[in-house]
Amino acid sequence: METPEVLEIKSVVNESKDVKTFFFDKKIKAEPGQFLMVWIPRLDEKPFAVSFEKPLGITFKKVGSFTEQLFKMKSGDKIGIRDPYGNGFKLKGKKVCLVSGGRGVIPLAFLAEKFKKVKITAIVGAKTKNDLLFLNRLKKHCSKVIVTTDDGSFGEKKFPTDALKDLLKKEKFDCVYTCGPEIMMKKVFELCENHKIECQASLERYMKCGFGLCGQCCIDDVRICKDGPVLNSNQLRKLTEFGVFEREKSGKKVYF
Amino acid sequence: MSVKLNVELAGLKLKNPIILASGILGISKKMLLSVAKAGAGAVTTKSITIKPREGHKNPILIQTTEETFLNAVGYSNPGLEESKKEFKDLSNFPVPVIGSLVGSDAEEFAYLAENVKGIDFKAIEIVLSCPHTPGFGLLAEQGTPEATEEITLAVRRKTKLPLFVKVSPNIMCLGDVVKAAEKAGADGITAINTVGPGMAIDVETAKPILDFKFGGMSGPAIRPIAIRCVYDIYESVKIPIIGLGGIITGKDAIEMIMAGATAVGIGTGIYYRELDIFKKVCDEINEFMKSHGYSKLKDIVGIAHRD
Amino acid sequence: MSVKLNVELAGLKLKNPIILASGILGISKKMLLSVAKAGAGAVTTKSITIKPREGHKNPILIQTTEETFLNAVGYSNPGLEESKKEFKDLSNFPVPVIGSLVGSDAEEFAYLAENVKGIDFKAIEIVLSCPHTPGFGLLAEQGTPEATEEITLAVRRKTKLPLFVKVSPNIMCLGDVVKAAEKAGADGITAINTVGPGMAIDVETAKPILDFKFGGMSGPAIRPIAIRCVYDIYESVKIPIIGLGGIITGKDAIEMIMAGATAVGIGTGIYYRELDIFKKVCDEINEFMKSHGYSKLKDIVGIAHRD
Amino acid sequence: METPEVLEIKSVVNESKDVKTFFFDKKIKAEPGQFLMVWIPRLDEKPFAVSFEKPLGITFKKVGSFTEQLFKMKSGDKIGIRDPYGNGFKLKGKKVCLVSGGRGVIPLAFLAEKFKKVKITAIVGAKTKNDLLFLNRLKKHCSKVIVTTDDGSFGEKKFPTDALKDLLKKEKFDCVYTCGPEIMMKKVFELCENHKIECQASLERYMKCGFGLCGQCCIDDVRICKDGPVLNSNQLRKLTEFGVFEREKSGKKVYF
């Protein structure tokens, strides 16, 4: 049923100054990259990736009015969620690389936990040291974690795409997984294309229904909520709008 | 026996009678194209207003029972200027694109009809029937015979395209409304818009779920109401009807056609049967016609009216 | 924590808020008794007319989708005189019996109200809202504020019993109608009667299925419309509301109460959960109240209106 | 789904001058005593017992406008049926007796076919020789078939209840099954009570919905369409209206 199920927030973890995780008293089954529609009654309802499965957890960054309100909530408060939607990352190969920028690390950290007997290299990019998330979570499951910050306050001072570029000169991967700003993902995809490596990217578009009816979230003829949010190289190759523009709430195009 | 699914609808030649309803997926040319590829005989754009509209906040569309959805989208759309860019150059589009227009009064409707001329729409649909957007449709008293006549006339003067008037099931005087549309020069009636409106309250938080609180009901459960409306309209006017509301299967479509529809719209059905519902429904219609000895759709339009 | 399910409804004391809707099973005193034993807090008779009526031919009630039924019973009933015999001596009846009355005009309603005095009904319901019986309800224009006021007044003059006016969801001016009823002295509003009407056509024979062709829609799918109506009515009047339409579970009933209903009717729900739906729904309400820390129903009536 | 399923009449068998059987190209599963709602489009819809299961057959007697119309129909014509409704006869015991009057034999003949390794005595009553139905069908499954006619034109000239009375003086049964005019069934039930024999009777009341909602078919607080049409001794004992009155279409009482 495509209607919010209201849950009590069981516990709140502060991940950074503007990122928190809510845990709920509920276990779910989800693919990394799948998302929930999160409802604050009488305010709005917006998409958030599944961050933890058992128990269910979502991790969110304060960026505007909705996430600000989320940020104020505490354990015991009630919010609604609608089912994990969309297609997540597909586990492929024996040696993979994860490339994240900013809060894009959220579904990738969950993905890292899902791999079994796979050699994972993670490239984690953020603006500053304080924006880094889930480093310990990643370190547990990755053989290598490369950290980049835009200002060099932690790890290497470069963009995650630069780190990937360097890495691809020396190493070969079965699949590269990416989530982050679209411009970054576009570069990651291009690098993969050049090196003939399969790429899976988790895209974002403005979402309303979340289950494929309203059409709001489309990129080309792909509904991000239903056919995505994770697209593979084959799908990405066909897109003309990837990294070019997205649509805001009214449907108007906004160029990157 | 070979069966023909093509129909002529107010001068439009459709390869099959199944049309994408307005407001579902029709946000961009590319989405419309994917619906055409999925087998639709024609497609309708999301309704276009003069100014851009962000619409209501989310949730704008929820499921309320297995067979019902409520929506209160609030006519979000990028507005006339953006839409002209979005839909320009439809000349090679594989099926007719119907432009759906909404305005708050006759003047706005006329302005829209005049200004979408640059777009290669093959027909215009004017929507007088939204039950849940302030300033439009029923909430702007457009569901009366008088308003219907006035708006239809104003649009008629501005366009030579086939003109469909989309009506609401939530009015008692439906017969008079469609007669007014016909009199004012409409070429067809699109029926029905959503039912109700309805409302859903989350019992955990005791709050209405939709941001706008109320929303129009769609989905399989509204089919009986849509069938009745189309049956009534068929008795009231001579112009063809696009019947929609709760159509999920070929059998549903056949029922709609027997009630009097020349073509059949599908919206919420996509939820239940994915995008290729268009092909599936056409196949099922084909199958039904074959096994029942009907050779063309024309033969069954309105036959439920025979005694 | 102990939970109390009893409610006071326009002076009636009910042990629980769940009421049998009119037209379902309420053909005889013994059937009503079996519903009372199954756990209903009050029961309503099938609507009574002055003269006996055979009603429409069969089918009078069909299922149209999993969640919808259409009925066009045509107010079959043995008439006032037989009904007086049927329902005489209700003094020991375990729960209040509400007498449902229908007439074609104010005079007939008044005559009925006056003449059922011999029966020990605990309340009177007047039905102005049938969408599918010629000469009654919406088909007799009783769904207007003016007619509602006139009929309610006429009945009010003849009875001191709590008086409920049963209204239709199929009108745009519902707020005005219930205000008219309140103004004319009604003690409560029963909402909603069936939705539509709807219609179903058998595609094999291309014939309408219901004998009357059209029928009012009931069943789980109409709940969102009923919830909206009750929510609207709660904002329009101060008198209590019996909310009904598509109620199947305790959760549905809670939603209805949060929308503003003091009591909740059940009709078609019996199909889905058998006669003991009354007990089941009460148990579920009880469970919900307990687990959510509510001690009495009064505390949740209309709370969805709070901001 | 409580809506007619339209079937083509596959073949028509003339059982007597005013009784026919329609067979359909459909197999169903039904308890004897269960009934179908039979729809003639734009005319009416009325209850008829399942007469045959595989393939489905109904047997009907011309008594009024609906059955007259049925009588006129031929193979290839279409009618609607709604699902076998109600509770049928329960197979009980090793030695049973069936008592029918008139077209009451219809569900009892079907019942006889259902018993396995049970000694069946059938008492079949009818007005005249020409009204007798299904004698051969019964003879195949019953160890004894006693025929009575009101006018003595065939078998014994008496009522089936008299035949039962005589029989019960000599024999004991595990269960007596009856279907026919209500006055007859009432007598059968009383005889059974006197002899402390379990009785199952298939009752008729004016039916509309057929599935327990409209209340039209009630006898006391029993819905014949749903709780019946077959009632056992326990249920029959509680009835005050059995053999006393039924309700016509409007709900008005009509005394027997």
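For clarity, chains are labelled A, B, C and D in written order, and residue numbers in each chain start from 1.
Rule of thumb we're sticking to: a residue touches a chain if its C-beta (ideal position, glycine included) is under 8 Å from a C-beta of that chain, and two chains touch if they have at least 3 such contacts.
Quick caveat, the model's predicted, so the values are computed rather than measured.
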{"item": "Any chain in contact with chain B as well as chain C", "value": "none"}
{"item": "Where chain C and chain D overlap in contact partners, by chain label", "value": "none"}
{"item": "Centroid-based (C-alpha) most distant chain relative to chain D", "value": "A"}
{"item": "Interchain centroid distance [CA atoms averaged], chain A/chain B, Å", "value": "37"}
{"item": "Centroid distance [mean C-alpha coordinates] between chain D and chain B, Å", "value": "51"}
{"item": "Chain A and chain D, separation of their C-alpha mean positions in angstrom", "value": "68"}
{"item": "Per-residue multi-chain contacts in chain D, two or more chains", "value": "42"}
{"item": "Where chain B touches two or more other chains, by residue", "value": "64, 66, 200, 204, 207-208"}
{"item": "Topology of the chain contact graph, where touching chains are joined (line, ring, star, complete, other)", "value": "line"}
{"item": "Touching chain combinations (by label order)", "value": "A-B, B-C, C-D"}
{"item": "Contact set on chain A toward chain B in their complex", "value": "1-4, 6, 37, 39, 41-46, 78, 80, 207-209, 211-216, 218, 220-221, 223, 247-253"}
{"item": "Chain C - residues contacting chain B, complex", "value": "64-68, 70, 138, 143, 169-172, 195-201, 203-204, 206-208, 213-214, 217, 219-225, 227-228, 231, 246, 251, 254-255, 258-259, 288, 292, 300, 303-304, 306"}
{"item": "Contacting residues of chain B [partner chain A, same complex]", "value": "23-28, 30-31, 33-34, 46, 52-55, 57-64, 66, 69, 73, 76-79, 82, 200, 202, 204-205, 207-209, 211, 267-268, 270-271"}
